[in-house]
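What follows is a pair of complexes built around chain A, which joins chain B in one and chain C in the other.
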Partner chain A sequence: MTREEKLQLLSELCLEFGPTGSERYVAKVIKEKLGDIEYTVDRLGNIIVHIPGEGAPKLMVSAHMDEVGFIINEITDDGYLKFDTLGGIDPRVMCGKYVTVEGKEGFIPGVIAAKAIHHQNADERKKVTPHKSMYIDIGATSREEAESLTEPGNSATFDSEFVIFGEDGAFIKSKAIDDRIGCAVLLDLLGRLPKNCPFDLYFCFTVREEIGLSGARTVAHAIDPDFCIVLESTAVADLPDVPESRRVAKLGDGCAISLRDNATIYDRDFVNFALEAAKKKGVAAQIKKYVSGGNDAGSIHRSVDGVRALAISVPSRYIHSPANVISTADYLSMSELVLAIIENGKEL
Partner chain B sequence: MELEKLINSLSALMSVTGHEGNGKAELESLIGAGFDESFTDAVGNRFFVKRCGREGAPKILIDAHMDEIGLIVSDIKDDGFLTVAPIGGVDLRTLQAGDVVIYGKEKIFGVVGSTPPHLRRPDEGNSLKEATELLIDTGYSKEKLSELVRIGTPVGFKPVYRHLFGSRIAGKGFDDKSCAACAVMGISRVAREELAGDVYLMLSSREETGMFGGAAPGAYSIAPDYAMVIDVNLGKTPDTSKSETVAVGGGASLTLCPVTDRTMNKKLIALAKEKEIKTQVCVTGGSTGTNASAVNLAGAGIPCVDVGLPLKGMHTATEVLDLEDAESVAALVALFVSTKDLTEVTA
Partner chain C sequence: MLDIFKKISAAHGVSGAESDTAGVIAELMTEYTDDIRIDNLGNLIACRHGVGENRKKIMLCAHMDEIGFMATFIEKNGFIRIAPIGGINYTAVALTRVRSERGVRGIIAPEAKTKPADFRAENFLIDIGAKDEKEASRRVKIGDCFRFDNDQIKLLGSRVCGHPADDRIGCAVLVDIARQLHGEDIKDDVYFVFSVQEEVGCRGSKTAAFAVEPDISLAFDVTATGDTPSATPMACELGRGAAIKIKDSSVICDPTLVDELIEVAKDKKIKYQLEVLLYGGTDTSSMQMTGAGSRAGALSIPTRYIHSANEMIDMADAQACADLAAEYIRRGE
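The block that comes next holds the complex of A and B.
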């Protein structure tokens, strides 16, 4: 894929609808992209592509399809939608944002709202409004109107543009870069695998990461891999008002390799091997320098009799918001880093 | 719909208070054709005049403010981050993770920074950052950014427009450019010979920052015989009471209070009913909270009515209004500029 094609692919995947539990929309796009490549779908909705390597160790490479979002839990008499969150979203990034709501037929636009600043008292203006005090306005004026359009149990995502911005287009802003970027890299890699691949490969597009690292758990059980690489985006804060010790990683310095996070202690030999492979191929990589977050590796590495785990993440500012920001170069280097590891796999 | 298009076009212009002149050429090309002349005064009010062609005809002022809330660059930090100060009553709960445009030498896209739950510290509790504590992420180097942006460069919400269900629409800057669009549309629907007088449309400056508004000097210099001030009005939401709001979909609101003219209000409400223009009243004990309070006391005093377009989410990037209400406001403007002897007491 050319640079343009890679950016187009990421844009298409990020803008697709797929909050946790409603991955079927983005899954459909991924299946279309797989084209002639054979895949299976398990009972939870995970998509698995097996590239056999006889007698070789099993390597599972995974990315989750779901994104954080909202689920409608009530329609009010005056036609507003009350909601709960799917995954961890700070209420500070919800209010006043556009959302796309899963309708009875197709998608409908909406706005997350709360009472206007003019009606807030001095105390309210300084405090976070909890999401339970917000509602989605879809333009309906009555329960009947709203019920004709959608229903409780339907979900919603942020409605946010995909923008390439900054000096020479060095950055990308979008919703759902977490973790459509991993999905994009898997799709890119499928056409670029070496002929004598030293692994029995399983590429997995998983469901329900944002709530309990769930989908990956059952896939890993079915595959029983020897190794896993989780492709992710990780929260960083390389900002001028954050002390160096809490910045996690820096955008533009390559993908981040985790030593540990709140769900996994990674295989140290695998980490060192990955860093060495990156160096050999001249691909930028950095170590994630802060213990935070967690990803599908948390459930994969403890599955069956244990799996040697590695996480490669594109450093991302403001994740779990309508505006994730990443470095374009970091994204483009992610496939190269994974390829470097696979190509040198015999030495692992 | 013609009115929807104009609301969208006007609202998309950046007109953060103090920078109302930013879209001057676009504004002229959007609405200028329907007027005889246009000019800007010393405080940034933009006037569009449509004459009735009769000597000694009364002067009618229609006011809608052109400015919108926003941000202004206060400093340029390392790695292309900007700090900002608020202009007007920016709703802090809605800024983080929003898209903005920095109107420097070039238009620059920016994201308002936020902290993900993964990196939030427990001691932050439910506190909300002040506007001055936020960082705007531009993706530029400090060096390059300094060539394009300086302290004082305005920052506006990136315009994104959505048509919601039915006749409801969402976007930024509806306060008060949706009303400006209604005024233009209303005036354009009345033929010159049908006008009750010479109509001065004042797209006034500096309303959002309160005390320094352009409406007072603007109304003074025109010295109209009577005036209509049009502004968005707080629409009813689930978390507010009926008495402190107006109904979205309930039509144009007319404010009954000591500031507004009782005779004109009564006549307009009766005439609107005759013409089947949907109106509702909004009652307040003191000031209108709009330019009407300033226009009313300009010069030797100007009888005025205060018309509201119901709006939800006021001062956010996703304000919501009902186009049917907007049509009612436009119709009321047309009625206002075409009705003779509006101020005359007949009862």
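The block that comes next holds the complex of A and C.
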């Protein structure tokens, strides 16, 4: 794939609809992209592509299809939609944002609203409005009208453009980069695997990471891999008011390899091997310094009789918001880093 | 057992970096077991085959890992920022000596003027005596783990203190059980599992139990006591014998197994006490619930000042745990 094609692929995947539990829309697009490549789908909806390598150790490479979003739990008499969150979203990034709501026939546009600043008392202005006091306005004027368009249990996600900006297109802004970027890299890698691959490979597009790391759990149990690589995005905290020691990683310095997060202590030999492989191939990579977050590795490494785990994350600003910001170079380097690891796999 | 405990306790083994400890234990266990292996996560699994018909699988488990700190960042002035590994009581560890897996020594200190009530990982630093960042980064790499640098010392009677008792004393008990059973025919298959990553959520014992599929499982770990001034009331004391666990916050032990252990202790006149731990979990729960489940229990070693650099135990209690378990295994079912 050319740079343009890679950006086009990422854009297409990011703009697809797929909050946790409602991954079927983005899953459909991924299946189309797989074309002639054989795949299986398990009971939870995880998509698994097996690239056999006889007698070789099993390597599972995974990315999750779901994104953070909202689930409608009530329709008011006035035709507003009350909602709950799917995954961790800061209520401060919700208010005033456009959303796409799963309707009875196709998607419908909406906006997240709350009491305007004019109507808030002094106390309310000092506090963060909780999401329970917000609602989605879909332009319906009555309960009946809203009920004819959508229903409780349907989900919603941010409606936000995919934008390339900065000098020579150095940065990308979009919703759902977490973790469509991993999905895009898996699709890119499928056409580029070395002939004598030293692994029995399983590429997995998982569901329900944002709530409970559930999809990866059942896939890992079914595959029983020796190794796993989780492709992800990680928060970076490279903001002016964060001291150097609390910053997780740096945009543009390559993908971040985790030593430890809140769900996993990564296999040290695997981490060192990955850093060495990156160096050998001249691919940028950095260590994720500050301990934060968690990902599918948390459930995979504890599966069956244990899996040696690695996580590779593209550093992402403003994660879990309508505007994740990443470095284009970091995105493009992710496939190369995974390839470097696979190519040197015999030494692992 | 004291010598073995000291030897195991001296090895580095912060959660996720237990290989030094595994090496020391593997050397001790090779003589006493039929096969020995290390799994994907780093658990050390040694097996003694039984000779009985319809033999069962008994899994004995003690964790090799200890709490500690991971270096996350080196400041310009050479101080090292840390992330905690396991449950840290910052008041208890302030200004304690630490040592890295590469052997670099230092102390862990709060930032000046931090009130004890505000102690958190974010305001603690490790000082290795470096002049600046350049000197520090030659000796410490991001990701290096530090452990408490406190050798075991003998106090009055059979009491010992240092770091870590949690859970190298359990590991020493397992080695002693294997030693006691060496050369004897035993009825059941016994798996001696030295697990990893207990302090961060009982992760290792889960995958080890999946592989072993035990019928009966026993954890060996430390437990709190109620025998210090103003302690939270708890019927568990140093020197009163092996503590047969009835429950902690992660598990309710198999009541039949508890009764069987009490019976063996009474028969053999081994000192025991009963343990109900109000907080804290152990590998017992992951062995109980992995796969199709097992009949699970635990023998605990009463320990004062848990998760400090000076955990205090009575070696007689540890010996009682080993004697009780060895006798239980001899009897078969």
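We take it that the second predicted complex is superposed on the first by the 348 of 348 C-alpha atoms of A that agree within 3 Å, B and C clash if a C-alpha of one lies under 4 Å from a C-alpha of the other, contacts with A are read in each partner's own complex, and residues count from 1 in each chain.
Everything that follows uses one rule, which is that a contact is a pair of C-beta atoms (placed from the backbone, for glycine too) under 8 Å apart; a residue touches a chain by one contact, two chains touch by 3 or more.
All values reported here derive from a predicted model rather than from experimental measurement.
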When chain B and chain C are modelled together on chain A, clash or fit: fit
From chain A, separation angle of chain B and chain C (C-alpha centres, steps of 10 degrees): 130
Which of chain B and chain C A:56 touches, first, second, both or neither: neither
Chain B versus chain C as contact partner of A:37, first or second or both or neither: neither
Contacts of A:307 with chain B and chain C, given as first, second, both or neither: second
Comparing the two partners chain B and chain C, which touches a greater set of residues in chain A: B
First (chain B), second (chain C), both or neither touched by A:222: neither
Contacts of A:235 with chain B and chain C, given as first, second, both or neither: first
Which superposed partner A:268 touches (first chain B, second chain C, both, neither): second
Partner chain in contact with A:141 - chain B first, chain C second, else both or neither: first
Minimum C-alpha separation between chain B and chain C after superposing on chain A, in Å: 11
Common interface residues of chain A - those touching chain B in one complex and chain C in the other: 246, 290
In the complex with chain A, residue positions of chain B that touch it: 77-81, 89-99, 108-120, 126-128, 133, 135, 137-141, 144, 158, 160, 162-170, 234, 237-240, 244, 248-249, 312-318, 320
Complex contacts: residues of chain A adjacent to chain B: 76, 78, 80, 88-93, 95-98, 108-119, 125-130, 133, 135, 137-141, 145, 149, 159-161, 163, 165-167, 170-171, 173, 235, 237-241, 246, 248, 290, 292-293, 317-323, 325
Residue ranges of chain C in contact with chain A within the complex: 15-17, 39-41, 43, 70, 72-73, 75, 81, 83, 85, 122, 142-143, 197, 200, 203-204, 206-208, 210-211
Complex contact set, residues of chain A against chain C: 226, 244-246, 259-260, 265-266, 268, 271, 287, 289-291, 301-308
